[in-house]
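Common to both upcoming complexes is chain A, partnered first by chain B, then by chain C.
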Partner chain A sequence: MEILSNLFNVALLVATIRTTTPILLVALGGSFTTKAGIFNIGLEGQMLIAAFFAVVGSIYTGSSLGGMVIGVFAALVFALIYAVLVVSFRANEVVVGLALNILAGGITVSLLKAIFGTRGSVVGRGIVGLPKVQIPGARDLLGPSTAQLISGYTPLVYVAFLAVPLLIIFYNRTRLGLYIRVVGEKPEAAEALGISIVWIRYAASLLCGLFAGLAGAHMSLGYITMFTENMSSGRGFMAVAILIFSGGDPLKVLAGCLLFGFADAFSLRLQTFGFPSYLVLAVPYAVALVALFALSWRARPKRIRETVETIRRALSVHRSGEADRDAPLPRS
Partner chain B sequence: MSAVHGSQLYFNRRHERAPRIQPEVRRRLSTYVSSLSCVNHRLSSPASVCFMDFAVDLTGITKRFGAFTANDSINLTVRRGEIHAIIGENGAGKTTLMNILFGLLQPDAGSIAIGGKTMLIDSPAVAIAEGLGMVHQHFKLVPSLTVADNIFLGMEIRKNGLIDRAAQVERTRFLSEKFGLRVDPQERVAGLSVGIEQRIEILKVLARNARTIILDEPTAVLTPQESHDLFQTLRGFVDDGMTVIFISHHLEEVMAVSDTVTVLRDGRVVATKAKSALTKRELVRLMVGRDISFDRRPRTRNDGAVALNVTDLWARDDRWLPALKSVSLTVSSGEIVGIAGVAGNGQTELAEVLAGLRPASNGSVQLHGHDILDRTPAEIRNRGLAHVPGDRMVRGVDRDATLSANMLMGRQKKKPFARHGVIDWAAVHEAMRALIQRYDIRARGPKDPARSLSGGNIQKVVLAREFTAGGDVLLIDQPTRGVDIGAQEAIHDEIMRQRADGRAILLISTQLDELKALADRILVMFDGRIMGSVDGAEMDEDAIGLMMAGINPADMTEAT
Partner chain C sequence: MTNRLLFRGLFSKGLARTLMGQALAFAIALALGAIIILLIDESPVAVFLTLMRGAFGDTEKIAGTLLQTTPILICGIAACIALRGGMFNVGIEGQLFLGGFAAAWVGFAFSLPPVLHVLAAMTLAVVAGALWVAIPAFFRVRFGTDEVVSTILANYIATLLTSYLTIFLFKRPGGWSETPPILPSAYLPELFSFSRLNIGLLIGLALAVGVAAFFRWTSAGYAVTMVGSAPKFAEYGGVNVRRVGFGVLLVSGAVGGLAGGVETLGVHHRFMEGFAPGFGFDGLIAALLANGSPIGTIFTALFFGALRAGSLLLEVDTTASREIITVIQALIILAVSADLMMRRRGDRTGERRWKF
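Let's turn to the complex of A and B:
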């Protein structure tokens, strides 16, 4: 029991919120492209490049804000290249995305060597981390342990979680948000109404770059102020997975990211209890896999469905159609 | 123009008298000096009144796609306040012409005048600004948005930078009431019937203040009742002084609703006439170029044994929702049983289950007393069921394969096509050559790829293969979808021959005319159920229409 109460406490929730933030930011960014009908697999690369340039920027400008801006700018450059290739030149989005991911990995490694003369990672050297925001009065009102749930995070944590309701309003009540949805869902409708599919997709790509950039900056300037090779460690891909089953819907994205963040935080806790680290590190990905499998079961491909159906029928004796009779009418 | 005889001229004569200016030059001129063109017309034809009473006036429109001329110097004048039908077979150039009028395509020659003003329409935005509105054949609605959102998409009403939902709903309600097009503004479009979707498309056009509405094949997806409602609505528009251009290849509805008819054939105007001066037969002759009959085919009664027996069949669709709900039917030898219904009410799923392409959840299907449910398609075929799929391009043929290879499919292991497990191509080509002759397939030879043929000829290839497969039960799904009238007649002849040969035929069609001409009995499907059965000889269209909309006519008579 003691172990359990040590495992599950406020600190775990706080850690969950922290670990959720970067993946939430990048997944919300990806929600723009997903809604606009682009399967953006290049999130990982945009995040990584932003993380690196955020470190470089913060050393150069001496401020975390400067670092963040430069990191975001780097991600926007990547997003623009992606948009030019995919939207204007109609290149295959998976190929371009993968290529940019590999490019981001390569660039960061070689620039690490060229600028810092090191391999692996860069720590210290004047990197300025993001400040912590203390919400005034939180401590007095809620007490020290509960207060840390809402207070003391970096600004980007608040940005990430506030972005969720803002995005809902964006998609439902603003013209650009509506057009992004239309372009993704029914491009021919957009075309017939004179909405430029190309420009809307560019806008979605760049918004995606902005958020992926913030995610990257949060990774390298948030709770640890350092850059390591491939430090995004698959978060971009996890975001892609979350986007596939959420369809880019902000609330579902949030749910998926919280699940992943929780698994991540939980695995970190387990590590402190002496579980083998290589197993523990697999926990978030295993959880995500199981969740995705469970959620996509309803949308499983036809082949699998038919096979399952055949097996089911082979195993069961004649079942009357009663169950179907009350099913909702599919058509009108 | 030379093809147009004096009597068929309606109001095109002035173009004959107009000075012959090079079309290209004329178009450019008219673009820049739009006001002058009116004067130009007046000088050349003093009797006319500057054509202000013409909603749309197309002159010498020509459009080529490579070597193919889709529109060949077409003149079309639509008076204000009329319903003008443009009728013609597939490929006659109707849609091309309307796309030019709406600014989606640019003509190679010719000029467009709207409300008497000659102008260059280089984008739909220009057309919309001039009061044109187009309801496309394929609806362009966004399923996840509400009705009001769809109507105001692209011209949102905004307040403080945010979309003003309430105002949009309010305005939609106003338009809906004003024009008698009933919709619920706050409903999501996903899941609405096509009839309502079309209403939304029309409201979309009206919200943009269109005075001339173009409808491209508007009734293709509607039930007879929905079509009837649509025609009433269109009549109402015309009474309000609006103009309707109505594209169709459906004779009945053209005769039912239009004031003036323009017939296109091979990209040319064959005739423009007042509807009152036309008969259906004449219209067909103008469209096809020869006489064609759509009367019920004469037949002798065959009292065959039951060949196909379906009982309590249930199945699901691709979205895993029930698509067939306790379907039971029988087909006897020498009988054509027709399945009527609006597309998407389970007909496709029924055909797929019978052909072994879709698992059933429950029920039984017997072919000559043998259970064929859940057998593989090959086993079912060997039992004697031949299947003409509804979508010939997806399941009918391999577009890129030769005609011979397409014909061979399903019989590649049989003699004489295979000897000791090796295909004898010479025999295959020989057999295909015979089929090309026998079924009058317009192809150069058996080695032509299927894609080089027209839709009607590809359909004939599929029919030829299935009818010669040796099955005595024929499952025919949409035999003439997208096939020209001329080829339709030939296909109907062939189906009747198969009936005379004593085959049992299950004919699925969304075209009531086709069922009326061919079927001995007509079963109506709605929402996965068989609503009822109608005798083919004394076909009661009202009863069928009601059943297609899910209403049991027996209930109606009881109620009244």
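Let's turn to the complex of A and C:
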């Protein structure tokens, strides 16, 4: 029991919220492209390049905001390249996405060596982390242990969680949101309505880059202020997995991200209990994989229902036809 | 490109246009690469010359290039098989790691007569690779779970799993994160005395020719190509699309495992953590660059192998990082994908289907 209470406590919830943030940001970004009918596997690279340039930017500008802006800008450049190739040149989105991921990995490592003269990672050197927001009065009102649930995070944590309801409103109540959905769901209808599919997809791609950039900035300037080679370590791909089974729906995205954030935080916690770190590190990926399989398996009954429905319809048409044909026979 | 289209392409101006476009894409990619090299304060010419010297400077360097080419080629063939069947096996990296570990385990844990030992180790490597892809493949064909994402996620698990097995269960006492060395009876025969280059290269070449022949001259190969390029047509023609899709991924995974086996038995003679970083991805992009053609993959793999071998010298002779070659590779893929690869079919509303 003591082990359990050590495993599950407020600190774990706080850790969950922290680890959920980058994956939530990047997944919400991906929801724009998913809704617009683009399968964006390049999230990982956009996040990584943003994380690197956020670090560079924060050193050069001396402020975390400057770092964030430059990081987001880098992600936007990647998003633009992606959009140009996929939307305008109609290249294969998987190929372009994977190539951009590889490009991000290569560029960050090359620049790491060129700028900082090191391999592996860059720590210190005047990197300015994002400030922590203390909500005034939270401590007095809720007490110190509960207060840390809502107060003391970096601004991007609040941005990420507030973005969920905002995105719901965006998709349901704004023109651009509706256009994005139409382009994704019924491109023919969008074309008939005179909506420019190309521009909507560009807009969705750039919005995606914005969020992926914020996610990257949070990774390198949030709770740890450093950049490491390949520090996105598959979070972009987990986000894609979430997007596949959520269909880009903000609430489902949130649910999926909380699941992975929890798996992440929980596996870090297990590590301190002496479980082999390699197996523990694999837990979030395994959770993502199992969720992906389980939810595609759950989608199956619907398809079977539909098939049964069509078969029944086909049979009933057939039978009624037969009945018509059979009917005159006895008479003759 | 289907065989038929490839055939037609060979004898029309289509090929000329394809090659022209490919050359243009290469030129653009190299120009962009040169700009990036300038940005990191290096001379593109110096980097290029160093790469060339590192790849083809002398006999040993050439052998080194071929040594790097071998796993890329075998992984490339694995990718080709999947691509031709309309599948993206991005999990070759993971299959490579598991295959490598499985082969090493047979190599050090059992003692068998020479040839039999190699065969047993290779068989287990192949089985490990196939098993690793079997679950994503099953869900892909049965429930339509996207194989790109599931195989990528499986890569991370495979890498961590092999690290765990190596470090926690089979670590060589006193060594780094590596298993005990395999017995000499499990070594792949080396081709020359001055290099670790081994018959793995010949295995890769034979595989490329064999797979090309399979797609070119057998009806099963034609069925696979049709499943990849026109699944509805294939289904109408009586092909079991699901079974072919599953088989294609399974064989692709098996070849990925084989690549790992060749790498451990031929080069390292043990399994080390992170023993073959990025070979799976290099193989995939080599196959993409070759448009899914096994014979073409021989040349693209050689190109990437040369880049890799050259990059070892890059780190010594210039201030550039060796990862600059992954930048060049990615740029080439991006430039090529913009125009010629997998031209999309469909109208402006964007029906997605890749073609070979």
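Please note the rule applied: the second predicted complex is superposed on the first by the 299 of 332 C-alpha atoms of A that agree within 3 Å, B and C clash if a C-alpha of one lies under 4 Å from a C-alpha of the other, contacts with A are read in each partner's own complex, and residues count from 1 in each chain.
Convention: a contact is a pair of C-beta atoms (placed from the backbone, for glycine too) under 8 Å apart; a residue touches a chain by one contact, two chains touch by 3 or more.
In this text, all values refer to a predicted model and were calculated from it rather than measured experimentally.
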| said: A:E185 in the overlay: touching chain B, chain C, both, or neither? Say first, second, both or neither. | reply: first
| Who does A:R125 touch here: chain B (first), chain C (second), both, or neither? | neither
| query | Thinking of the overlay built on chain A, is A:L279 touched by chain B (first), by chain C (second), by both, or by neither? | reply | second
| request: Classify the contacts of A:V94 with the two partner chains as first (chain B alone), second (chain C alone), both, or neither. | output: second
| query | Of the partners chain B and chain C, which touch A:I195 in the superposed model: first, second, both, neither? | reply | first
| said: Contact-wise, after the overlay, does A:R175 reach chain B, chain C, both or neither (first, second, both, neither)? | reply: first
| request: Specify the partner with more touching residues on chain A, choosing between chain B and chain C. | output: C
| Can you list the residues of chain A that touch chain B in one structure and chain C in the other? | 188
| field | chain B contact footprint on chain A (complex, rising order) | value | 169, 172-175, 178, 181-182, 185-186, 188-189, 192-195, 298, 302, 305-306, 309-310, 313, 318-321, 324-325, 327-332
| query | Which positions of chain A touch chain C when the two form their complex? | reply | 37, 39, 41, 81, 85, 89-96, 98-100, 102-103, 105-107, 109-114, 119, 187-188, 190-191, 197, 233-234, 237-238, 240-241, 244, 276, 278-279, 281-282, 285-286, 288-289, 292-293, 296-297, 299-300
| What residues on chain C touch chain A, complex-wise? | 36, 39-42, 88, 90, 135, 139, 143-146, 148-150, 152-154, 156-157, 160-161, 163-164, 167-168, 281, 284-285, 288, 319-321, 323-327, 329-331, 333-334, 337-339, 341-344, 348-350, 352, 354
| Which chain B residues qualify as touching chain A in the complex? | 123-125, 136, 138, 140-145, 149, 153-154, 156, 158, 161-163, 165, 191-193, 312, 314, 317-323, 325-326, 344-345, 359, 361-363, 374, 527-528
